[in-house]
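Each of the next two complexes has chain A plus one other chain: chain B in the first, chain C in the second.
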Partner chain A sequence: MKVDLSLAIGGFQGGGIESAGQIALRAFVLKGYEVFGSREFHSNIIGAHSYYHIRVGGKALRLPLDALIALDAESIFTHLQSLSKEALLICDQYSLTTKASEIPSMSKALKRRIEQNYGDLSLNKILTDQELKIVALPMRDLLKELSHERSMISVSKALNVMGISAGLYLLGLNKETIKKAIEGQFSNPGINLKAMEIAIEKVKDLERKELPDGKKEDKLILSGNEAVAMAKISSGLDFLSFYPITPATDETLFIEKSGKIITVQAEDEISAIGMALGASLAGLRASTSTSGPGFSLMNEMVSFAVQAEIPIVITLWMRSSPSTGIATRTSQQDLLHAIFSGHGDTPKVVIASGDHSEAIEDTARAFELAEKFQIPVIHLLDKFIASAITTVDKNAFRTLPKRDFSENSDGYLRYKITEDGISPFLPIGRATMIVSSLEHDEYGSATEDPVDREKMILKRIKKLEKASEVLSEESYSVYGDHEPEITIVSFGSTKNAIMEAIEELKIPIKFVQLRILSPFPDLSKELVGKVLVIESNAGQLSFLLKVHCRVDGTAKKLNARPIYVDEVVKAIKAFMNGEKEVIMSEGV
Partner chain B sequence: MKERKCANCNNWSPHNLYSFVGYCYEKKKLSFSEYFCELFIELELEEEFYWCGTCRSIIESEEVKEHISKRHRISRRAFMDPDYREEIYEG
Partner chain C sequence: MKGFDYKTDAWIQWCPGCGNYGILTALRNAIAEVEIDPKKLVIVSGIGCSSRIVYYIRGSNVHTIHGRAIPVASGIKLANPDLMVIVAGGDGDLLGIGAGHFVALGRRNIDLKVLIHDNAVYGLTKGQAGPTLPSAVKLRAMNYPNSHEALNPLLLAFASGYTFIARAFAYHVKPLKDLIKEVLMHRGSAVIDILQPCVTYNDLMTRDWFEKRIYYLDSLPNESELLQKMKEVDRIPLGVFYKIEKETFDQKINSIMGRKNKGVRNV
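Up next is the complex of A and B:
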């Protein structure tokens, strides 16, 4: 029996949603299911609506939801229209008397939409006509029962455990599995286990169907941030500098906490990349991580890295821009920013990963390319991957050998002109050299000589051409039908939703997933039939593809939410019916 | 005079997210808004800032009357879980 479930756990930001979501993920993994959890949180510190969207039995998000565990009234209002007709709704019975107009944290825009749809009614009245399976728990009474055990408890972590325990139990997980998941989540789970007992006792007589065991595998459960951090450590990273920014910080803090890597929190992003470049010049494997606004500040240093030919991996976690935008939400808006970063002719490699496994693979590859071609490599990821949690193969991580340096010799020329443009590299201190941001001759001395200048520009461009040759086989992945009616082109985190949509549609579709965006690969032979570009921005990949090949239509996600399988299915159908531009608007 | 229950007591602060439960600074333990005890002291409006549980925000003393007139739940401050930071995104 294939188990395929979509559920959400919603509540206050800071109110235990993080723990509840992780308990659910752990429990389903313990049961042997494939899981994918996306954490959607508000950019305020505490109090606004946040939720965890979990898919069991797949690696992409689907709507409508089969179940909602609502820790407050706002969660019910927010997700009501995302619920399937007979979805399971677990909530606090006291929240059902609430009207949307009474919720201080709810946005005016959402209140307006709710009022348009339902009027200013309490949840009790709105839910009367619905066919949902509603389990209204007396959370206050359950908490009172728990507080008899101990005079002081974490209220949020008691209520969330009660909600999630009741939910998981009614969805068919047994008590033992839920218990193990809670034990794995908290270092001192005594009171949480008691909360679980109380909640399950309350719902134990309700109708439920026990889920069968899935295929148990010994896998890691990681967020995208953690996956990249572990891949960097495994790749032999020596030095990481950063300035905190959502959604990059969790990666950098993970590396810092490992205690194995020199990690520096700089005073700003300019310093962060400057420090990493200095470390790289000294022979260390170096990286920095940031997101759009931070990368803007790094731009001048990207040019410096190109000019001075310094290897560096810049992990760019895209978020909803421009400017501060919606800092904790996803997008793919920095594609062109990454490719055209830096002033002047700045050849560089831009890699994009589609999921956690690819992010791990690409992290090691980014270091290899940066060091081989002595260039900046920008590794493009996004907030969706950053905070999404899923299972990853334990053997996915690759170990790289230490950085390889040239032999020291008399007359060492740091920028020696060679056939492939790649000069011998020695760390500063091991040979006499000049490194600066100025145009230079082979030794590194500043020059404005037109012949030297021309040679150096051609040398730097030749390296990218060489990289293009090396990468030609690995620049993109092709899935689906090879003689299709349409070809979908995309990059990054849209991958799994597109793959599943194609599988569901059962029509001949080819999917070209770009892994390397700079140097841009030759796709002319791959684009068969009509070409549809799917992306989470206003058309940046479409722009590139129009320049290089052709595009017949685009499906865009602009609302700063993840892409769902179901809206990709609709977008493909609309494109096949002649629509040239489809806006995908699912998500809350 | 207001009803002698925790929600109206000067010693009690509601949880910042779940207003039905809170913390008694006299007994140093959790209690619920409808509980009452011999230590009850009516809320004293002598502070510069207060917590409005209805609006879930801090308000200044000049705003208190207006919130009370709208029947909002006012207390001296809000109580937060000791480990609430674990549930807040670090970025």
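Up next is the complex of A and C:
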């Protein structure tokens, strides 16, 4: 029996939603299932609605939800229309008497939509006609039971564990598995184990079906931020400078905590990349991480790194833009920004990863490319991958050799003209030289001579051509049918939703997933039939594909939420029925 | 070694009589007297007339972009504490566009020596007001009198936490050389505000104008007179204003990372 579940746990930000989500993920992994968890939260420290969406039996998100564990009334209102017909709803008794208009933290827009659909009624009334399996728990009484040992305020923090324990138990996990998951989550799980006991005791007589054991594998459970951080450490990162920004900072802090890598908090993103470039010049393996607004500030340094030929890996965790946009929500809006970053002719490499495993692989690859070609490499990821948690192979991490500085320092020429454009690199401090942002000669001395200038610009471009040759085979992956009716082209975190949608549709579809977006690969032989681009922005990859090849339609995600399998299925069907532009709007 | 050993074959493209020549000579002589291996000498500059100095002294130098010498120099120094890293830039570069980095360097106390070629104008773009130009002054290329107040580099350095703060005059080459030697021996963020007349665009703050106003401090000012000395504008004191020893940023990072500090004095 294939187990396939989609569930969410929702509550207020700061109410332990993340811990509850992670307990659930861990429990299903212990049971032997494939899992994928996505965290959606407000740009707020405490109070606003936040939820964790978990898929069991797949690596992409699906709607509708089979189960919702709602720690408050707002969670029920928020996800009401995302629930399947007979979904399991676990909630607090008290929530059911609540009206949307009584919830101060809820957005006006959502209140308006609820009022339009249902009127200003309490949940009890709204849910009367529905076939949901509602388990309304007397949360206050249950907490009181727990408070025999401690104050009510301190035990109220265990509400998340009560909810998730009841939920997991009713979904078919046994008590032993849930207990182990809780023990794995907290260093001191005492009160939470008691909370679990109380919650399960309360629901133990309800109807449930024990889930069968899956295939147990010894894997790591990681967020995208953690996966990239570990990959950087494993790649031999020496130096990391950063300026705090969502959703990049968690990666940096993980690396800082390791205590093995010089980590510096800069005064702004210009300085963050500037310091990393300085460290790289001095011979260290260096990187910085940021998001769209920070990368805007880094642009002048991207141009400098190209001109002065300094290796650097910039990990760009895209979030919802423009400007501050929605800081804690996802998007793929920085594709063109990355490719065209930096003023002037600025050859660079842009890599995009579709999931955690690819992100790990691409991190090592980014360092190799940056150091081999002495150029900036921008590694494109997004908030969806950053905070999503899934299982990763323990052997996925590569180690890289130290940078090679074997060139003779006598008569050293920093910008020596060579056949492939690559000049041997010696760090600052190993030879006399000039590293220069001005146009320069082979030594690095400033020059405005037209012949020197032409040579140097061609040298820098030649490096990218060389990179293009090296990368051609690895620039994209091809999945699905090779004699298809349509070809889908996409990049980044849309990957797994597209793969699953294709599997489900059972029609001949080819999927070209771009891994390298600069230098842009030659896709002329790959595009068969009508071409559909799927992306989480207003058409940036479509633009590139129009320039380089051709495109017949675009399916866009613009609501700053992750992409769901179901909406991809619908979008492909709509495209096959002749729609040129489809907007995918699922998610809350 | 002699100052001559650090010369390069680049043609020097400053205007005849420019204060930068004095700084160049003083810096070359200072590093020669301290005998720094040119490979271990790292001059990092931003953009502007002064930033060209990286082409005129033999070293392992970096010419960065406008205002950003300090971040790049910080990365180099943290990566390799054995190097002698000097930052050179104008007042526009270091205190205008790069002011945030200037402040942050003071807060960090990284072992970098900052030389401000302070001429109060943007020379390469032909004479706009620089951050240290007094208010209401109209220089020859400006359309209107300066509507900004002048920034005091010494006070900003003090507020930011620099552990060595001095002022010098570009045409007094020997005292400047001695001061640079002292700064090279200091361990921590150090700054010398070097008054450097721009002979082409600053027709107010000329060599004569400065020579009528400058005088040398007899000794390191004590705490009670320090700020007053830094604030003086009618007469302009030169010399070392402030000097203390403090744990440097890389020492702190190393102790956080549980590593033994190399403790290398970088000359």
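The definition used in the following text is that the second predicted complex is superposed on the first by the 579 of 588 C-alpha atoms of A that agree within 3 Å, B and C clash if a C-alpha of one lies under 4 Å from a C-alpha of the other, contacts with A are read in each partner's own complex, and residues count from 1 in each chain.
Rule of thumb we're sticking to: contacts are C-beta pairs under 8 Å (C-beta built on N, C-alpha and C of every residue); 3 or more make two chains touch, one makes a residue touch a chain.
As the structure is a computational prediction, the values presented were derived from the model and not from experiment.
Student: Contact-wise, after the overlay, does A:349 reach chain B, chain C, both or neither (first, second, both, neither)?
Tutor: neither
Student: Classify the contacts of A:338 with the two partner chains as first (chain B alone), second (chain C alone), both, or neither.
Tutor: neither
Student: Can A:431 be said to touch chain B (first), chain C (second), both, or neither?
Tutor: Only chain C is touched by A:431; chain B is not.
Student: Looking at A:523, would you say it contacts chain B, chain C, both, or neither? Reply first, second, both or neither.
Tutor: Touch partners of A:523: none, neither chain B nor chain C.
Student: Once the structures are superposed on A, label A:328 by its partner contacts, choosing first (chain B), second (chain C), both or neither.
Tutor: After superposing on A, A:328 lies in contact with chain B but is clear of chain C.
Student: Check the residue A:409 against both partner chains and state whether it touches chain B (first), chain C (second), both, or neither.
Tutor: The answer is second: A:409 touches chain C but not chain B.
Student: With the two structures laid over each other on chain A, which partner does A:162 touch: chain B (first), chain C (second), both, or neither?
Tutor: In the superposition, A:162 contacts neither chain B nor chain C.
Student: Which partner chains sit in contact with A:5 here, chain B, chain C, both or neither? Use first/second/both/neither.
Tutor: Neither: A:5 stays clear of chain B and chain C.
Student: Considering only the contact definition stated at the top, list the common interface residues of chain A for chain B and chain C.
Tutor: Correct list for chain A: none, the interfaces share no residue.
Student: Chain B touches which residues of chain A in the complex?
Tutor: Of all residues in chain A, those touching chain B are 12-19, 41, 45-47, 72, 94, 104-105, 140, 143-144, 147, 151-157, 159, 244-250, 253, 328, 387.
Student: If you look only at chain B, which of its residues touch chain A in the complex?
Tutor: Result: residues 15-18, 20-21, 28-30, 32, 54-57, 80-84, 86-91 of chain B touch chain A.
Student: If you look only at chain A, which of its residues touch chain C in the complex?
Tutor: The touching residues are 238-239, 241, 259-260, 262, 264, 266-268, 270-284, 286, 300-301, 303-304, 308, 409, 427-438, 445-446.
Student: Spell out the part of chain C that touches chain A in their complex, as residue ranges.
Tutor: Interface residues on chain C, with respect to chain A: 8, 10, 38-40, 42, 44, 47, 52, 54-55, 58-65, 68, 70-80, 82-83, 100-101, 103-104, 253, 256-258.
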